[in-house]
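Shared between the two complexes below is chain A, which pairs with chain B and chain C, respectively.
The block that comes next holds the complex of A and B.
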């Protein structure tokens, strides 16, 4: 091996394509869990910014906050909040599953655990919807 | 920070969030049968332990969210310089979010 060859940097791995994230074929339960966890995470990051922006009404005083509450009282907003609960519940429960996997707990049952997280999230969402409507 | 240490922090902050978010949602959205009024929020935040828990919630959720975004971006095999810029940008953003959230507390 000559000096020129020795200094050559190692080739970088090809960057994952966004379309691979959204591919429907050749995606197992683990692949769907990965995709859903990331998508729900991104939705929640967006919501964090939105939530903080909406809460700026608090700084503008009771009247501004009351106006914001009146706006939030519409069925459309409540339906979106139910969707938010579903997103949080899935992300949290699948996150617990990921922590278990990371510590080597229940790795062989990872597919079953995904469905447990999914069904529990759906159940919690239904309970929240009953409480909110 | 090593990738394994980052994963542990993300896991720890995530587990902490399960508890803090459940508390936040229960108190702020479900216990009162809807969103709290302005006066309710002022009374709620007047309790010192609530301020501590809500501040911990703000710091934890900001860290967990931005570390998650960083993880997704670094998965795209960025160059070392780009990865450093991402980390710096998200750190600055995180500090701004926390400062804004803490400032909101002071307005009540």
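The block that comes next holds the complex of A and C.
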């Protein structure tokens, strides 16, 4: 093959995809915060639709709604609600951390702020669990 | 002298395609770097390709993934990894040309338009004032243009249009120290959906930066400047 015939092979292009969110291991606390914030956000979106589905029982009459409420009292559902509180608490507190960082507040302390958000969320969840069980 | 297993990502378009990992056993000394190992292996296999130049962490060309983390191979000692098996792969999120060599063109296409001057005013030592004829000491900017931050950023991985941490950090440096550059123009470049607002503050860029540029912190600086408008008069200096 002479030089004129040579064509440089096309490079292997990276495929942009959401799984790259998970390619953060062996790095820092900020990566964990990013991943948890995204995952809890997805859970909250899922919960919004679940919430609407539960409320839609109202459209089927009082008896259907009472039956749904009775189902919601089961220990499994209450445990899931505790998980929901944990999700909301972390997402909200880490959201405050992100807003502060966007204003240039606490950027150098972002790891400590993550742990503050995490511990506060865990504490709020524990208090809620004590009240609910 | 200890023996370490190296698993090296191999890819040649049309020849080693799909990619594979080749395994080598190499004896290492306490000071042996990952780049030393690659150069040693290349004596037996000249088809092994990687980028390098200065061997002392100032040119930024030998960026790669070592055990999943972005590093400069020339300043990464194998003994410090404290493992019997070392996996070496090319940087993420950039076009792969061959083995460990990625195409840096997309990096520079985003980085260069910002127009960051390569010199900056140096920090002063209290007891070391510059002579009158010098006026002020200068030094090179911190960024090595190694691309580690782009590889580490999860947003770059999911959105190729994102300006990315290196270009945004360069823009922040222009805002901090314009040296004749037009600050409002640079701020307009980054005040976009794919600019500094696309960052999700994972701060992985700052975690892997080998020269403490702190791109994540500088992106947050840009946001503060845009939110508070402190730079609209033409920068801080």
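Note that in this section the second predicted complex is superposed on the first by the 111 of 133 C-alpha atoms of A that agree within 3 Å, B and C clash if a C-alpha of one lies under 4 Å from a C-alpha of the other, contacts with A are read in each partner's own complex, and residues count from 1 in each chain.
In this section, contacts are C-beta pairs under 8 Å (C-beta built on N, C-alpha and C of every residue); 3 or more make two chains touch, one makes a residue touch a chain.
Model, not experiment: these values are computed from the prediction.
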| message | I'd like to know which partner A:104 touches here: chain B for first, chain C for second, both or neither. | response | second
| request: Identify the partner contact of A:69: answer first if only chain B is touched, second if only chain C is, both if each is, neither if none is. | output: first
| request: Based on the superposed arrangement, let me know which partner A:42 touches: chain B (first), chain C (second), both, or neither? | output: first
| said: Looking at A:120 after the superposition, I want to know if it touches chain B, chain C, both of them or none. Which is it: first, second, both, neither? | reply: neither
| request: Applying the touch criterion given at the start, work out whether A:28 contacts chain B, chain C, both or neither, answering first, second, both or neither. | output: second
| task | Applying the touch criterion given at the start, work out whether A:55 contacts chain B, chain C, both or neither, answering first, second, both or neither. | result | first
| request: Using the touch definition from the top, say if A:82 reaches chain B (first), chain C (second), both or neither. | output: neither
| task | Pick out the shared contact residues on chain A: the ones touching chain B in one complex and chain C in the other. | result | 12-14, 16, 38, 98, 102
| query | Okay, in this complex, where on chain B does chain A touch? | reply | 7, 11, 14-15, 17-18, 21, 25, 30, 33, 35, 37-39, 41, 61-62, 65-66, 68-69, 72, 75-77, 97, 100-101, 103-104, 107-108
| message | For a test of understanding, state which residues of chain A touch chain C in their complex under the given definition. | response | 9-14, 16-18, 20-21, 23-28, 30-31, 33-35, 37-38, 98, 101-104, 107-108, 110
| field | Interface residues, chain C side, partner chain A - complex | value | 11, 13-14, 19, 67-69, 92-97, 102-103, 152, 154, 157-160, 200-204, 206-208, 216-217, 220-221, 223-224, 227-228
| note | Given the complex, residues on chain A that touch chain B span 12-16, 38, 41-42, 44-45, 48, 52, 55-56, 58-59, 61-62, 65-66, 69, 72, 85, 88, 92, 95-96, 98-99, 102, 128, 131
